[in-house]
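The following block contains the structure, expressed as structure tokens.
Chain naming follows the written order as A, B, C and D, and within any one chain the residues start at number 1.
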Amino acid sequence: MAKPKLNLLERLYLPEILRGLLITTRHHFANLTVHILHRVGLAKGKRGAVTFQYPEDPRPVARRLRARHRLMKRPDGSTRCVACMMCETICPAHCIYIVADEHPDPRIEKRPKSFDIDLGICVMCGYCVEACPEDAIRMDTYITETSSFTREGMLLTLDDLMNHHNEDNFPKHTSS
Amino acid sequence: MSEIAHALIVTGYILSVVLTLAALLTWMERKQSALMQDRIGANRASILGFRAIGLFHIIADSLKMFLKEDFVPARGVRLFHTLAPFISAFCALAIFACIPFGPSLPLGDTTVNLWIFDSDISLLYVLALGSLGIYGIFFAGWSSHNKFAYLGAMRGAAQMLSYEIALGISLIGLIMVYGSLSLNDIVHYQGRQLFGFLPAWGVFLQPLACLIFLTAGIAESKRNPFDMPEGESEIIGYFTEYSSMKFGLFFLADFIEVVVVAALVTVLFFGGWQVPYLQADGFQLPGGTHWELAPLAVGLIQVGAFCAKLFFFCWLQLTIRWTLPRFRYDQLMRLGWQFLLPLSIANILVTGIILVCR
Amino acid sequence: MELSDQLKQTLDALKEQFPNGLSVLMPALHAVQAAHNHIPAELEQPLAAYLAIPAEIVHEVSTFYFMFNNRPVGRHHIYICGNLSCWLRGAETLRDHLADRLGIQPGETTADGRITLSVVECLGMCDHAPVMLLDGEFHPDLTVETVDRILAGLS
Amino acid sequence: MDKFTVTINGHTIEAKPGQSVLQTALDNGIHIPHYCFHPGLPVAGNCRMCLVEIEGVPKLQIACGTTVRDGMVVWSNNDRVRQAVRHVLEFLLINHPVDCPVCDQAGECGLQDYYMLVGRYDSRFAENKVVKHKKATPIGRWVMLDQERCILCSRCVRFTREITKTNEMAIFNRGDHAEIDVFPGGELRNRYSANIVDICPVGALTCRDFRFRCRVWYLKQAPSICPGCARGCNIAIHFNPERPHHAGGRRVLRFKPRPNPHVNAFWLCDDGRYSYPFIDDHRLRFAALREEGGVRQLYLKDALDRLADWLRASRSGRTAYLLSADSSNEELFAARKLLRDALGVRCLLPDTGLRTGDADDFLICEDKHPNTRGARILFGLGENDPVAPDRLEAGLGAELPELLLVNRADLPSPLRDKLLAAGTRLVFLGTNDNATAAAAHLVVPLVVFAEQAGTFTNFEGRVQKFELAVPPLGDAAPEWSVHQGLAERLGIDLAFPGPAAIFRQLTAEVDAFRGLSHESLTPHGAMIRHE
């Protein structure tokens, strides 16, 4: 990209700083005044700054939002994951811990004995979803509130990842 | 009243004012930035349903700080890790010792000096303590045993060293004009008038020095646009490994430094507690109009004026912080060494020439 | 299951004619098949021991060649060619016809143990396609009618 | 005779007459894709992956089955060859299940490697794959067979026919029904069976012990020497430094053979290969002191203080040291300098690992210690040493020692009881827990061979170097550093700065080792001088 050519005043920087300061100060005092007037019951027709009041007033999220993970199931309800460790390998935060085990069905061969995701470390990059060859892990639960009072509480186990109370809200399976 | 008792009382008063102001600034910063960006800002903390426009966040924040786990990295150096925030906060607070908050107030038989000590070398004391602040930062970064903390500390040290030079040199012109290093003398000097009507404030005598000092002062307090050492969005900086009240102290020191810079600018360039045309016995307007006032009333007005100026410069710093983007590190260094330093030296030369020619 | 004394005599005679156990294996397997209708899996190990070669090699050879049957077969064994020349000239129809007539799938034996039907690759008589091999005898230029006639002639 | 040269891909290379084109290329760092060829096995030429163009020969030739001629010009990287190899690979992959996610071979698989190199990226195979009837089935104590993944390269068949001569593996059936298997109802019955896992270029033969423990790309490796017997087979230690939750926290997950033409060629016996768990299991991590009222854990430095006191207090001639043939040459030398030379301690080499009749004519030795020869040379022991366990008591002398230092060995329990009853102070220096460690008055934790560098001398007198793979567990220290710590405490002027430096001292002082150095031992070790 070509750099715009600056004239002397702009290159001096100070007038531009002042201009910037004026803009921000104007917003500051305009909002301040309107809010104070609203407090004392005046100027109801004029709108002040408004934001979402988040916890009471949840924001609609984008359909492709990457939220808390879930593990997909086979028709019989067991996990679709075959413990190939692709997600664990690609994970840049090293927050996935899988221990593999023999699957009773010899056609499947391998399954995760445990599958833990440490949300305290996860950076929500979604690489695990991209890397999964079985479409076994997805980040489409729209669960964004995952905080906990303990570190252990941030650890999602296989059970947490498989069973959700709000499963009906999730996008339906698109591939088998 | 003994000297020590007097000093203790004034110290208590100044500490309470400064610390309250610093605490208030944490709230003000959030609220002001919100309004500047068309948001609402902190308003969630409530006591019994009262939200008091977010003022309770100060309490909530400090409670949180106190209750958090005090963490020292396994291979960190515990002694220096603990010492560092105290050094930072102490150096910032101790500067207030020589800042005159007001004139000597006549209270009954005694007069109360609204400063803790005044000395012929107050200004050197201020500069010295300002430089000692580096230790806080560097101990913090070094003792954390963390690359990011160490990088932040290196950046902080380099930045403070670079800007201290411009800061110090910009003051030399001022000292040449005022002829004293005592902050009290400087404030008294600014009670005079130039050409019979213009207050002899530093900003009029040394406009360039004022600009350099303000810039370098903000750089010294490591706030935007000079917040490379703590660059929140990238390297976090020297207090990466701090939590609990030790982080709280760094946080507080940050705001105390805002107050320090505001106080110094006020004292050095904006007349300190002086109000234009207000003399010890009342207003003395240029036209010859005279308005008699009791000495105590004059003193109170002057203390009020100092507080108002202090508050204004705090506000100005917050406004700058929330308006300007951060410099790049090379830009920061270039500004310090290639612009501010030569300018401040040129300022001495010009001042000297004018003083000699006069 | 053990090798019968008669079979051992045959094998002894064969061993005379060949330099070592490996080279005698093919004729030996033919002898076993002649005696037992097919090559019983249980006999592979005794045979290997008798020829002093690894049992795995016996199993390798017996599973490789289609002339060696690893399962019991009928009295008559039809090999019908399914490779290119025969296929182009209607071997597929003949195969389906045979399967219909006999009520079995290729590779199976009729319930009465009379006839086994196998599909093989080339029988080496492409000039007379389609061809089948029945009890060691080639039947060239087959049609549905000739097949029926041949089947009718079987005991 | 003039130089015998061939030109491969434009590089003119000196070749040995009679060698194959493929071997010549591999020896000179030119990689030609191959599956069925293995330098330790006879050439079969059935996978067709190593097709190359030879100038003057109209059709492409397999490099493994073509002998070099002087002046031969070979191309393995031109379009014609690439095209042909791509088609060969396409055929090989037709019936492959592509179940890489559950396949343990993924990451070290020949199919994956060459697919990335020359493969077609879109399958053109529209028919149904031939699904062979068996999914993973165990075919022996250590080996799992998955016929679906097999490409019929026949390496395993050739291994059991030519190397072990046990003939368990064979290819049954014909055409696209062909499959490898053991004889129906049989299983692998040789002591080298896991080698077929190593040589299998795909995931058809995988290791039951390693199965699903860890993906291979998490593993790092360090060159080492198998400690399982006196042969000293060259191995690579595969360890998992970053993902401790795999394999239940074991750090070392497998041994793989490393080629050394003078010792083990390409192979490793199952006993040695699966001896690795002792590196992580039942280890002594911290020093322990047995006092009245129980056993107390203590820091290594405090344990050494205590041991130094005991050594000082014990009358000379009443202290004995039981060496271990599991120690490296460096460790033995440190013991010799301190205990035998400086303190005059009586040193015996007990034999606790001889399994008479266990040897075979290939790799396995009767002596289950890796460094008996080294111990014999360094302590000047004769052919009658090591001392058999039942003669140990006589070896210790008429009067039982006041202080007995036992290195790693488990003493026979009658002798142990007798020593304890006689008031002997028993000090155990060792790596793994055993009954003697449990009974000892003082336990000093040592590192195992994988946690340090050093050398072993095998039974033929070949000195071979092993490298550090994993860090020490807990407070465990190398034996030489224990001896150095004791020397410091006893005021004896000895310095053991590290394995390489100790080996330098050793070569200067011991004739048999003269002229050797750690550097000269790579890659294949070196023979000692004859005593």
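Observations on the model:
The rule we apply is simple: contacts are C-beta pairs under 8 Å (C-beta built on N, C-alpha and C of every residue); 3 or more make two chains touch, one makes a residue touch a chain.
What you are looking at is a predicted structure, and each value in this text was computed from that prediction instead of being measured.
Take subunit D out of the picture and the remaining chains divide, by touching, into A, B | C.
Computed from the mean C-alpha positions, the centre of subunit A lies at a distance of 68 Å from the centre of subunit C.
One inter-chain figure worth recording: subunit A and subunit D are separated by 47 Å, centre to centre, where each centre is the mean of the chain's CA atoms. Here the spacing of subunit A and subunit B, counted between their Cα centres, is 40 Å. Separation between the centroids of subunit C and subunit D, computed from CA atoms only, is 50 Å.
The list of touching chain pairs reads A-B, A-D, C-D. Contact residues on subunit D toward subunit C in their complex (touch as defined above): 167-174, 182-184, 186. Interface residues of subunit D facing subunit A in the complex, by the touch rule stated above, are 99-102, 106, 135-136, 211-213, 215, 217-218, 242-243, 245-246.
For subunit A in complex with subunit B, the touching residues are 14, 17, 20-21, 23-25, 27-28, 31-32, 35, 49-51.
Across the complex, subunit A is touched by residues 32, 34-40, 211, 319-320, 322-324 of subunit B. Those residues of subunit C whose C-beta lies close enough to touch subunit D in the complex are 41, 45, 54-57, 59-60, 63-66.
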